[in-house]
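Each chain carries a letter (A, B, C and D) given by its place in the written order, and its residues are counted from 1.
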């Protein structure tokens, strides 16, 4: 990846971070290729796996390439979905260290986040003139699937133990600090954004003297992590999972570094093109100052069957997602990610159908075959292309309600937006115009209702509440029943994880 | 420290861990020297500083020496007390990285601890036949001074969001997992102890299928951290602060490693000889299988003045602590830790008085002068001594109440033990005989009442409640008003911490 | 009132109840005259005052007449609105005894209601197989304006003190038992309805063995109270205030008794014709089996000014309410209730305008002049009329959603009904078809938004949640921001109430 | 009872209250006879039954006599213990009306009490400068056995719904207002005492403007209730059950009235002589200004067997209670209350044993035989006696801790008093010297531990917390595990209560 040894800091036996000096040193030069997907089935469409396989394929063809991916969260690792290191022969290694703690970035975010909470409650305990325990906007976080923390009460036990108030925990991936870290240009910008966090109407983190210590906790977390694929190719892993409840991209710093050192940079954005894809183009690309030149949309037979009673019906979903990205201004190509046992006839039929609708489509058989399984698509990606001219549905300066309507109607195809009483009140009380909209909604439907798979038909976006991430510049409309703290299922994966006597770990993937 | 390069794993720019292979490879050979103290004043007596300075002094004299110290907790770093890297010229570097995240061990403990909590609440949500939300023994933890989490309620918000129940958070240092990690012999022992954790009468972590995943999260945290002093001498840093609310020693694995590579191993135990000293001798040394050959008791003028209206009165405290360690079977020596501005006459008077009472005493002027300031004491330490023959006040097989009485009366000098109604009920419901007693009480008095400084006079130990750490084998009588989750003071240190634009950190020490 | 002395039971110095034997003895014979109103201003339109004055006027003219009115609640007595005994010369006496405890009926309802709650929590404490603390439908109640009880948690403090769960208190007037008492035919019907209360999906009061004791507590509360006006005329006072959050009528038993003993029975229904009026006609009259022959709609200049920028605009509200009652099948007449200082020109203008729209209108100057102030209207009322043929917007057998839509669209003129996510889920889980719809919404607008005074313009009814009163046969859609437990204002009336040394009370009216 | 018809106000079909004029009119003239008991067995010793039977017996002998008894609470009526109207042929009638609501006094207390709570929370909601939600001393109350309300949280749900805080409910009988009502001389004194209630350090009910409205709610509740025995003899029933958690006497006004109209006034005080007896003599008699001339101590075979393995051992309890009353200055006599099936031999043995210890003892077979069963004892009571010269263990002006020690050691025979940490802090914060001590402790032991029956042996009184009833002038040390809100048992009586179709009630007794 054209990094010198002294630009890298080892962080445990197989992980590393890149020094800040290496990030600052070079200008951007590469093409950015977005890896997005159709609406997923519960097990996911394999975007990470495809992105890793495509990197391996590009490198097999001798191209200068890398990938910018998102870090795993402990929630899904112990829950049903599993880690975020790809699969089969298209994997990051070592999967266990990456999935469990990586280099500690999420823990740093959790600590910085909860330090601000402790400071808030300390001020409430002592009677701060501007803080009202009933109007605190800042939740606590934990990197865990822990539904019992969604709604809680803290400060009980009498006058020595804080002031009683209602509290909620979110998963660390949904922390505003995750977004701030991913979108900050450098340590100075990070520090400024942390100070700008609104904790209660009229009170910011800066006013409480907490932002410096929060930034100090995040110093190392600002440095991208360097890992590699099974085939030995370099990948930057930094920030950002959960494009359903967060903006869901890896960091701007990692992409900038990658673009400065490689001709092709594959960057994944979470879930379907409606979620991660939209947020990547309208939030991340604008903050980065560079648009992708192409978007790969991952499609699986399993996904088609989940989203339709027949393959024909299921196909309406990826077609809609491909068109959505085109409308936003990006050229697209489809990648069929086959699973063991998929029928070659069905895969062929899907590829032909996509072609009939005007979409190039390639098989990316990377789980079974690694980079070798996607050489045809790699060749397609390696054709020179200009950066796209994005068509943003809203401008940062527009009123918030217009922006939400633009995303709902122009991007999702909703007929309108309904606000709950709580959301209306929150909208009326917004202290300033946030730059971006970052919708929190289900990934299983283009609407906010997970039961409306495939094409959802006519719907109105239901905004349940609003979260204003003033440091990140995001307004988060929380739609439908989506929760910002997941829960463990009854068959969660933690039960299958073991530490053996020799220190090896089983069951983390 | 006689470690080869391939026995060390770099963990960030200036930190490292030692590979397991290096720990297993050699037998113990060194002498263990306990560094303890008189009852402290609020700013502490400087045990860590003295231990570091003595290490530097022993190395200046050409001895093979190292130290086994405890890791810092974010609570005091952001609170009033500050970090745990010594001070002045007797310091560990880099103080900021060590104090803020070190290599992530505390985060791993926090995650493993709270995973078990999430699993418990998931079972309560789904209706586990043996779990009763009103009888859960396992709290949650956070590495933060956060009093508002001491007493809280979780699982609110309706049937989709868990089962309502009362919950408490402790600081991570008080987690049973901290004790398990510090006392485990190896990964297998760790795994077994985690499974043995009692979460509710009749239910253990093993029964919930959570212990394997918890152990996996702690895999790397079992490896001791290697840091060095300003003078470049190696120190093992691993586990264990808060000897008031935890057992408060660094890990057995780190001590074993140190003893196998050095002739002299300095090991600090927290707060006064009544707390960390007693627990070191009765818990840690028994689990380690080796007694120290000597105990250094740190004394300051500031401490004497805090504990008495006059120096004469204040001196009664260190005399009592010295005698306490002698009664437990360890030879002792006093180290006077001077501060800038201390009167030489007073220091001399103290040294003479200690001599008159039969105690050797040396100046350890290490804050100002580094190792050079403690050469005389280093020479004293370097005299060959046999391991002590400890006089344990209780045996693991005795009934719990007898053990508590033995610590209270024989070690502290209490006239008896009073149990609150809650503690009596808990004592009656103990499912098995815990091996060790680990009293949680204030460090500011030999009694449980922080206002009774110096020699407390006649008192009875007030046991407010009991915590049974079945995986660690500890029974924790919580005495007086001590809290297992500290709070932020109004003048807490977080306000003075900054991250500068070049990534350097100010205010962490 | 044609009651014999032995049909009456004295209940304190000036109050009485009527024996059950007196209620059973006679058939109905009288005409029922509904007293309703335009949408009120905050101080109310004086429906009770007008009803009392009209009774006095009818009696002055020599007619056999009585009134069936609703009992006061302590909430408004201590809050801003005051008691419910009329005003000026059209008053019930003794106002203090009536307003404070009357004969204890509300206390009996509170006790019976909370007994069921205590029984539920006792079963939860002991582990009832079908009760889930997160799905309890039955709140607690208190006859108080006490907002801090709206959302609370009970069962805290450990395993001896119940099972923790979220709870809410409603004001006693909103208790389902208030509705049951008002709608029950006799003690047997009361007992049956109490048993039928649904406390949790699948569990009724009968299943918990609580209904018998609840009925016993309500034995005397089933007997109507007999009080009299300042002019000495008899009034039955029994059950039912709060037509915004309850069905809001006095009892069926009281009306039946009144109709059996008088030729004209004035019965008030709370707030505007959209609330109490609609519920009286669609719920109460159907349960009673007799429709009113006429409806009096009270109008005040103050109300017109509250509901419009000009008198012309304000007049649109009573015109709409008059038409609403006509659409429901009842002949109407308007009663202008003047206040001290009202301009005779404006009053005259209103009367003429009502006439121009086809509505008879009379001055009812009863506050200042008693019955004498309303003789003209009394003569109008005394004209013989048949019982109305009501046009019900829904039938008991229709699906619940259709019924709600019928009330919203046909009665209120809404464009449709929106359900919150919570309400939709509750609607889907309804275990059976409730007979009647009893909307809870603001009294200050025909819509559910109190800021939309006068004619609200196009609106959709916002259903926030549903309450199913299975024993009363009511489904209560809770709309907009209405609360079933009021709060004290900062200028509440309790501050002005005094008990003097001679036992007399000041400030209760 | 020498009351004229116009001195009585009918209150429902069979109940009445006495006008204030009748209370004021006459001076005291009668002898006061205290009815107390040995420590009870769970079903009670039948003090009420014996008092009623003795009244009937005195009246059979032609004496001018009446009784002043305590009103029932709904808690025991629906719980295990049942009502408070005596039993068998020594009963008050109508038991159902008396036990269920009587004349509404308890409801008035509940309302007045909770009005103050609503006012406090209204001020907290709006930000009162001197109120701190964590330091509110005033609980809420409900007349119900409802353990789930012991520890709760109110004010949840956001900024419109109050300020979150921890709250507790007590049963109405434990309300300070019950004590105030029972101890007030007249309405003026009542009003003054209400204003003096301390709701938070530095804030009294008067400061919140609530005392006038509270007094108004209690106007009628100040008037004693007049009921009669099955044999037709008059009884005053007013205030006061629960001598374990309250002071537990009927009202001073009722006793004053009774003493002015009868020569012999029997007054019951709850549970054993250690509880109700002590409080009657040290609190009530001092406030009344008249001591009893004699105390009857009720003894049952069942009680003896509950309190001892043998009759001999059981007998130690009543002997101790008799001596206790003697030490307090009152002459005593024992009344054996036989149950159906009691062995005449055993009864005879007990009588003889009491005689051998110097105590007169009589059979009071009133359950089976009414007044006729206790004529012998009635004759004994009717002997003229002077008022006793009481020996108070403490004087109102002594420090609180001395008073508590005096009751514990001199009255109970404890070896000393232990305060919990909470109680010590409360004692230190007492704003003024309360006049009287009113211990809350179990009735089943002379100690605070219900398992120590009979003679408890050496013990120290364990004070868990303190309640300061500043309006009543009482300091309430809450001892052992006693709860001020009872819970329903699994076999509670509510299940056996029915309302029949004719309005009659079954199962209330």
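Points worth noting:
Here is the rule we use: contacts are C-beta pairs under 8 Å (C-beta built on N, C-alpha and C of every residue); 3 or more make two chains touch, one makes a residue touch a chain.
Computed from a predicted structure; not experimentally measured.
Common neighbours of chain A and chain C, by the contact definition above: B, D.
Counting C-beta pairs in contact across A-B and across B-D gives the higher total for A-B. Chain centres computed from CA atoms place B at the largest separation from chain C.
Separation between the centroids of chain A and chain D, computed from CA atoms only, is 67 Å. Per-chain CA centroids place chain A at a distance of 40 Å from chain B. Between chain B and chain D the centroid-to-centroid distance comes to 54 Å (mean Cα coordinates, whole Å). Residue positions 153, 156-157, 163, 165 of chain D each touch two or more of the other chains.
The touch graph of these protein chains is complete, with an edge between every pair of chains. Looking at the complex, you find that chain A touches chain C at residues 153, 418, 420-421, 462, 464, 480-481.
Residues 9-13, 17, 20, 74, 78, 96-97, 100-101, 103-104, 107-108, 110-111, 114-115, 117-119, 121-122, 124-126, 142-157, 160-163, 165, 167, 186-188, 190-191, 209-210, 212-213, 215-220, 222, 487-488, 490, 492, 494-503, 505, 507-508 of chain A are the ones touching chain B in the complex. By the touch criterion given at the top, residues 132-135, 153, 156-159, 163-166 of chain B touch chain C in their complex.
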